[in-house]
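Each chain gets a letter, A, B, C and D, in the order it is written, and its residues are counted from 1.
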Amino acid sequence: MIQAMNEALFEEMERDPSIVLFGEDVKASLFGDTKGLWKRFGPDRVRDTPISEALISGMAVGCAAAGRRVVCHMMFGNFVYTGMDAIANQAAKLRYMTNGQIRLPITFLAVSGGGRSAAAQHSDAIHPVLANLGGVKIVMPGSPADAKGLLKAAIRDDDPVFFLQAAGRGGEPGEVPEEDYVIPLGQAAIRRPGRDLTLVAIGAMVRPALKTAEALAGEGIEVEVVDPRTVVPLDLKTILGSVRRTGRLVIVDEARDTCSVASHVAALVAERAFEALVAPIRRVTVPDCCIPYAPVLERAVLPSVETIERAVRETLDWRRPA
Amino acid sequence: MASIGGNLPREELLEMYRGMLTIRRMEEQLARDCAAGKLPGPVHLYVGEEAIAVGVCRHLSERDWITSTHRGHGHFLAKGGDPARMMAEIYGRADGICGGFGGSMHVADFSKGIIGANGIVGGGIALAAGAALAVQLDGDGRVAVAFFGDGAANQGVLAEALNVAALWKLPLLLVCENNGFSEFSPTATVTAGSIAERARPFGLPSVEVDGNDVVAVWQAADVAVRRAREGRGPSLIEARTYRTRGHVEYEVTFITEPYRDEAEVEAWRARDPIDRLARRLREEDPAVEAKLAAIAAAVEETVRAAVRFAEASPEPDPASARGHMFANA
Amino acid sequence: MIQAMNEALFEEMERDPSIVLFGEDVKASLFGDTKGLWKRFGPDRVRDTPISEALISGMAVGCAAAGRRVVCHMMFGNFVYTGMDAIANQAAKLRYMTNGQIRLPITFLAVSGGGRSAAAQHSDAIHPVLANLGGVKIVMPGSPADAKGLLKAAIRDDDPVFFLQAAGRGGEPGEVPEEDYVIPLGQAAIRRPGRDLTLVAIGAMVRPALKTAEALAGEGIEVEVVDPRTVVPLDLKTILGSVRRTGRLVIVDEARDTCSVASHVAALVAERAFEALVAPIRRVTVPDCCIPYAPVLERAVLPSVETIERAVRETLDWRRPA
Amino acid sequence: MASIGGNLPREELLEMYRGMLTIRRMEEQLARDCAAGKLPGPVHLYVGEEAIAVGVCRHLSERDWITSTHRGHGHFLAKGGDPARMMAEIYGRADGICGGFGGSMHVADFSKGIIGANGIVGGGIALAAGAALAVQLDGDGRVAVAFFGDGAANQGVLAEALNVAALWKLPLLLVCENNGFSEFSPTATVTAGSIAERARPFGLPSVEVDGNDVVAVWQAADVAVRRAREGRGPSLIEARTYRTRGHVEYEVTFITEPYRDEAEVEAWRARDPIDRLARRLREEDPAVEAKLAAIAAAVEETVRAAVRFAEASPEPDPASARGHMFANA
């Protein structure tokens, strides 16, 4: 995943000299995504910033407004809160408030989510909060190949885009095509077709969802796994189409449940494909708590193959009360 | 050409007079409109502080960038924003500079280098730093200016900007308009020590000027802008001034006890930047009166034309309300 | 509403000398809610702060951790983003991360929502963002009488609570009982009983929801209006009970649609009361855009009696496709 | 009693020696545990900086408050936190001081006045200001101390805290541990000018001290804490030090090119605060050796007991994972 992101950054910065990238320790690159960029593109275009999230998120907006294409690294999703003002009040609003006078081509990078015992202040999944702002797009890749194509799309996009990489899963393997390819934002992928139930899985949840689907296939249960790839814009058409075929929906979202993207997808389907539904819509999310440190606790709150499988089975087994 | 007021050419002084008077008359119109219930949203007027926007912006071209505040009409106009389209915006009309989507606190014109007014106190500081980074990379001598208030100086982002601007030698000018108040709090009650001094620990030059003296502001900005254009880095200017009107026009509806002395307001009215410049010009050359009158007449006509334009403009189409959230939809 | 809040603050500060209140211009009191407190309780307990939201939200946490009961005024909801770090990373997490070692009795006050041509940076409805944090409670009163009892409950609560007042509707009239009464957090109120459809209306939306219900009653349509009063904790039981009786649900939430509380309520019902539903669940929310300035534009994006009525009728008229 | 090291009683020096050595040995254990893969999460060690936590906390009682950083073991221990329960916490066990919910970056013990380590750089500054407000209202001479790094000094919230602390004369001590790096960025690349100076524009006293000299730190803290207790207001101390280990223990897995000279690290190792104090004590009185050895032995036993305690502690109950979100559920 990281390798794919690194390639995308190299190729895009090579391709478009207007791109400038900055953030904390992007030269040393804690995650490896920005590794080597400083050497190749120099200290003008690749800048280590002080620890000043309120400033750097705002600089991204000003720099983009003044004509640059910007990649701004926020490091951990939780630090987005520290730089939230410029994201929520400026980046998400400036174009609208000025009646479309400007474009804000900004890609914000951040890792998001738990799974590494990094505890509550380094493990938040921040996409629901960002999604409610309305003015930022959100990319959540489910595989390395997608990561490359989606990151390129994000960078070439003329709007603020959050590219959220699943924390600690950056090392995940997967084939990444060599060539220059771009995956358009807003197009879901059906990762696995199936007629019995639609399983929408977001970002890092695609992998356990696929595992669950494989396991259940052994029993003759055919689960269709839909990977939205981007949360904003959301490819509702593909999701609705799938649910209309299967009649059943489970959503896996590594986010706190309340106001999660899982909730939102459920709401959309309960409105637009109600007649197709033959069972309650279930969500596999994180309970409304923080992400704890101890692995045994953390595992207990994060979605897993087991909890996904349980939700799928419950949905399949559900019968309308007599 | 004859030059007065610290070696400034008279033409420059007259242009500054015109600039300040345009802001003043436009805002007096807005004050009347607000009192008459014609404005849908809140307006924060710049009356008494015009010398700062004008003294600084006279050094800028449309290709330089500024960011502004909730009290942003003066910066918009001084930087070359169109009065009629600003008026239409504040009236909430389709021909407003932001199509009625932004209103008073968001007047912006990117084609003129105006990133815009800002409803977030301190919000423009980081934007200006970002714009300064962009023009620094372009390397063509352009600059970015952030206007902000004394209240905004207490937002931490100022310190963050001072640090990065110093480290990266950004072509950035930070202009603090110290008008004595954060809303209804006198500066001394919420602002410790000196704002200008806050630049020093970062190694940035800073200066305090009389913000009601347009010539003094012009001169300080001249030094700072030149410095930035030549790649010698950022500066901070603290301009001391006073807002002679309320914080927000509708404050009379909720402020039941006065938060300042009428005598203090009067004392500052006596130091009005427009009157001061006019006096200075008349002292130098009594014959300037005719020119001042001509400017005043032209300004009145600008205001009237702006009102006509705004009133003639239709309301925005409600079907467009979802607006331009994204460029690539 | 404002009067009710003001009374609650006076009574609680009188009652409990450990309460300290601070924020920007709480002495002058832009909204009137804190009017007179400074005079009564003095400059120690009532403090005007500089414009430093990042600091004051954090100070609220530190001050509460050190034993005080804190009321922290954030003024407009949008400024919460400016002070977001301490809210999301500290207030919402400190108790959990330390295994319940402390209590954080903080009431954050803010106005939230549009309706006054204050434009995008003063009109956000911020409750969905806050709700996803998991660690802050959220009160959204629908009437002056509730405002008083709920604010008292918020102040007496030992957890961080956001008390969100509907911007510009503070002057709304309504009877407020004189006596000291407390409305427990987490108890919805059925504002109007009805057998045909459940209309969940949040905060300022209660009023137009009731108006809609009254209008429809003239036609013999009986709409049950449920006012959750607090979004976190959410009284799901009352909502489910109502939907089980009516079979139909419309939710009115003055929030951007994506990841709104409306979405979340819809998701909960689509999971837990699926068998009772006889029609799709509809949401009346704000489209995923900013709040515009011009009144004609603003009206076009905010929920109204007309849009609520349309959603109710559509839900009542819905027939399962043959 | 004999006193050396700037008039400090020898007993005090020996206590500081014990304090520093406890932190050192505990963290060396953690370094080994981390290398052995025994720790579930990241750890940031304080090795080389112990003089600061100890020199400051010797002036504090359990009723004073501190806030700390991601590099917080030293502050926790110096303020009286229990080594065994800290170890259990970092091991992720049920008997950890936070029941395994917090881990290394969140060790806290409110009963000891430890508001806790913090994963948000700069996050503790506002919390300490809030605690200072609380104790100021109590009026019983207690103080609050915020420890933070040089990197954290670039968060705007520091300026905000300096301003409010100055305005309200908060009993607050801001202790900047300048260890030369923000993660992998040398301080000079991300921090303009002087951190200590940043207090000045607000009218706050500040001082720069040798953070590897526990006596110097003790003396600076003595002045500042006394000042705060007496209601004379806040101060800033910038303690210059160096972290001789990595930023985070697992950095070896991703740092492929060194970000600093080994010679620089060696030079600072030679200034190790523990060795320095020991040398000083020995110079004064060679007979102190026995005492130092006894302390060392006791410390070793503390560490062994901590490990035993931690290892004996069960894993937390997964059923408890939703934890204590709310006090009033």
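Everything below uses one rule, namely that a contact is a pair of C-beta atoms (placed from the backbone, for glycine too) under 8 Å apart; a residue touches a chain by one contact, two chains touch by 3 or more.
Just so it is clear, the structure is predicted and the values come from calculations on it, not from any experiment.
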From chain C, the most remote chain by mean C-alpha position: D
Averaged-CA centre spacing for the pair chain B and chain A, given as whole angstrom: 40
Centre-of-Cα separation between chain C and chain B, whole angstrom: 36
Rounded Å distance between chain B and chain D, as computed from the means of their C-alpha atoms: 46
Shared interface positions of chain A, touching two or more other chains: 49-50, 52-55, 78, 82, 85, 89, 96-97, 119-121, 134-135, 288-290, 292-293
Sites on chain D at which at least two other chains make contact: 98, 100-102, 106, 118-120, 123, 154-157, 160, 163, 167, 189-191, 323, 325
Chain contact graph, described as a line, ring, star, complete graph or other shape: complete
Chain B - residues contacting chain A, complex: 65, 67, 97-102, 106, 108-111, 115-116, 118-120, 123, 125-135, 137-138, 144, 156-157, 160-161, 163-164, 167-168, 323-328
Partner chain D, residues of chain C touching it in the complex: 20, 44-45, 47, 49-50, 52, 54-68, 70, 85-86, 89-90, 94-104, 134-135, 137, 157-159, 185, 233
Contacting residues of chain D [partner chain A, same complex]: 40-42, 89, 92-93, 96, 98, 100-103, 105-106, 118-123, 151-152, 154-156, 182-185, 189-191, 254-256, 259, 315-316, 318-323, 325
Touching residues on chain C, where the partner in the complex is chain B: 24-25, 27-32, 35, 48-55, 78-79, 82, 116-122, 287-290, 292-301
Chain B contact footprint on chain D (complex, rising order): 154-160, 162-163, 166-167, 189-195, 197-198, 200-204
